[in-house]
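Please read through the structure below; I'll follow up with questions.
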């Protein structure tokens, strides 16, 4: 027997999961995107450790410091990363203290230096951060991506914003998923008038312009609520529309599977309805759900970012990408501190990565197709 | 044909009703009633409203009665075109919204035309030349278009315009025309300002439509009727343009159902960023200062207009698809 | 016999996919004669349809004709090799429809649902003639009447989805013959139709063939259709011809084991009730996993060791009858 036939046999006996993995592996862009997404979530988990400055540490005097270059090698050509220290100068006329980099004095960059205190995973108190400076406090020396108007470090804020923005997407997707699977499943399973009603509701929801609707609902969130309450209110608002797409996918799969021979076979074998759903149907469209979720996540992230950007979503002191972008809203600020626009980079990268990942998963989900 | 028409019409009516309910909920959600907010707003603007006047207003809107009555009274006010007075602007709400609403419609329709005008040829090209370099380039641009939220794109365009070209891309009118009455010169001025926001608004939708068009056309290109058209001796270009493109045009045309709400949504937000005189900034402003009566009126108008636009596109679809016209498809 | 009107010589059409090369047509030769029907028979995936598309030069990418000749004798008597013509050139387009008509296997989807049948028919007529629109329309009505469509002057404005499968296939035949070609290629013309309609369509093809002295190439997997229609038969397996000859020889003195198996698997009303229908053991190999030697050897009941290593050459075994099988060749030791 020839070699090709052996390869064929390998395909014939492979499990569903193996087939999906083989197909996904062929999609290079999706594979790279999977690593990008994982890296972002790693940043979200270890945000406190990776950030080097307390994100709320304000000092008017350090307002709008441009991003700081790192010098990687010393004069002898040895690897020795340093940054310039900041020197305070008092304006002779206004007596205002302003800071500017001092080329004469340098600070050594070190890994796992000491900084502000926090609790790792909310449990273990520590002050170790991924980056630190050997001599002096990081908040006086390190401004890798510059500072905002209030003198807060943009880089550290960006890292903590990543945590908020990525988790709000996750929570929103979980809510959408519960609604989508429940209603989509009912729609596909029962058919008849249940299906008609649910489909019409979806059609109606989709024909309303979402942003004005969200804005209206978000504006009703009382300003007295705590950031946590606002966080959940906003997730709830964005999942209100988000579930429709997931419900559509689930319903479609249910309808397709109902006709499949192996479901009929299970029915004839006398399996209970619940057993058929959970033992036979759900595993066979789980991959489709995962793909749909990875396509729904970026939409959620965009929604939160948009609402917060408009000032109707999360509000300071909460930090999210949208909240940070709000600072970059007007032209005067952009002219003065263009580095505030750096927040756009992780937004675009993460959304692209999720889209590529979702596309790859969707292609891989149909291993025989 | 008639059942299809009635079904669409029925759905549109139900959707409009659903929008009024949602809008009414939005109006009711904030603590206190909207007359309180109204009075506060008025006094902040220097117009004192007496308690008696406020009570009269409450009575007019039925705020002292059950929710059902309130809903009914509010709805009948709106049906009669009475949207109340805007203190901040010192004019009736209808007048405040007036021009802005037209500009919103203009911007949205323009963006949809741009979306289709770009997506159609690019989609055809990408499908016919699948896996060519051009296809990859368009696919990549498409992904970027999908990934960049349009307000971010507007911000970036504004920044690049300022830094690189030293022009400000905000607004829809030059300063000379902002308050001027309508004239041909003002229309021309508007025409010069419209393309940039239209393009920004159209990009994400275009990216999506290209993907839809490409996928549909790839499906259609494999159909037997394409082979038979070729076998008849038709030139390749005509084969593709007359048959599969025609067939792929239908799912493409039906995308307007969600393209329209999507574009209207987008217009609100990029208008805020680019400070365009559409209803967008007005909506945001009224929501932030909790002038819910104005805010909910705008949401209602945008929703109803969208439903109306979708209905028009359904009629268009019916006109171009013989299967619907002859009652083959529901 | 007179000179053939179309003659295919050693045609090779391959598909170049990422996973490898599929040799869909791998050395096929046959002749079509005016007034005669050539049946091409084989299981699905054996390269019958690709042969038809190759003749019309409408093979889709990634497929292309690798080598061989397709010689067409035109109406003026000159002979042209279609393989040398540019695919989308004026000359080739004139030949499609003009010299060779095609009836495709799926009447459901072979017509556009967005255009009336008249629109498509008039297009086919005007592509190959100088008729004005009203004249072409009159001609289209005539054609519809010719293929037996009732009330043709009204039917011409219908859409394909308003017609039954049989009527659609009649429209397809009318369209294939719109420019009076002398060769008609019918690719599984009756497969999707029910049995009575099938008989009517075959009868129609036969009638038109007699009226117009058409050379018909009938592609099918159904030995019954071959028996009813064909004068000559080519049996294909995995892109290769395994046997060809006059229909009587093929049915009464089949030589290749594959032909014999195909004939055994025809259900017969004369068979013993409840007797088991013979099948061919095994299934068609995966296109990328083509067996070495004779492609049929893994399924062949008369397999010999030589079959696994060497490809049999075609040898003549009777009048116009040839087969490619080691049973009939003497392999040098």
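Letters A, B and C name the chains as they come in the text, with residue numbers starting at 1 for each one.
Keep in mind that, in the parts below, a contact is a pair of C-beta atoms (placed from the backbone, for glycine too) under 8 Å apart; a residue touches a chain by one contact, two chains touch by 3 or more.
As the structure is a computational prediction, the values presented were derived from the model and not from experiment.
Novice: Averaging each chain's C-alpha atoms to get its centre, pick out the one most distant from subunit B.
Specialist: C
Novice: Tally the contacting C-beta pairs at the B-C interface and at the A-B interface, and name the larger one.
Specialist: When A-B is set beside B-C, the one with more contacts is A-B.
Novice: Centre to centre, by mean C-alpha position, how many angstrom separate subunit A and subunit C?
Specialist: 57
Novice: Roughly how many whole angstrom separate the Cα centroids of subunit B and subunit C?
Specialist: Each chain reduced to its C-alpha mean, subunit B and subunit C end up 54 Å apart.
Novice: Measure off the straight-line distance from the CA centroid of subunit A to the CA centroid of subunit B, and report it in whole Å.
Specialist: 27
Novice: Residues of subunit A touching subunit B in their complex?
Specialist: Going by the criterion above, the answer is residues 200, 203-204, 206-213, 215-220, 222, 298, 302, 305-306, 309-312, 325, 328-329, 331, 334-335, 338, 341, 344, 347-348, 351-352, 355-356.
Novice: In the complex, go through subunit B and note every residue touching subunit C.
Specialist: 223-225, 227-236, 242-243, 246-247, 250, 321-323, 326, 328
Novice: Which of the residues in subunit C come into contact with subunit B in the complex?
Specialist: Within the complex, subunit C contacts subunit B at residues 53, 56, 58, 88, 93-98, 101-102, 104-106, 109-115, 120, 123-124, 127-128, 159, 161-162, 172, 175-176, 178-179.
Novice: So in the complex, the part of subunit B that touches subunit A is made up of which residues?
Specialist: Against subunit A, subunit B makes touches at 11, 14-15, 18-19, 22-23, 26, 29-31, 143-144, 146-149, 151-152, 155-156, 158-159, 162-163, 168, 170, 257-258, 261-262, 264-266, 268-269, 272-273, 283-284, 287-288, 290, 292, 295-296, 298-299, 302-303, 306-307, 310.
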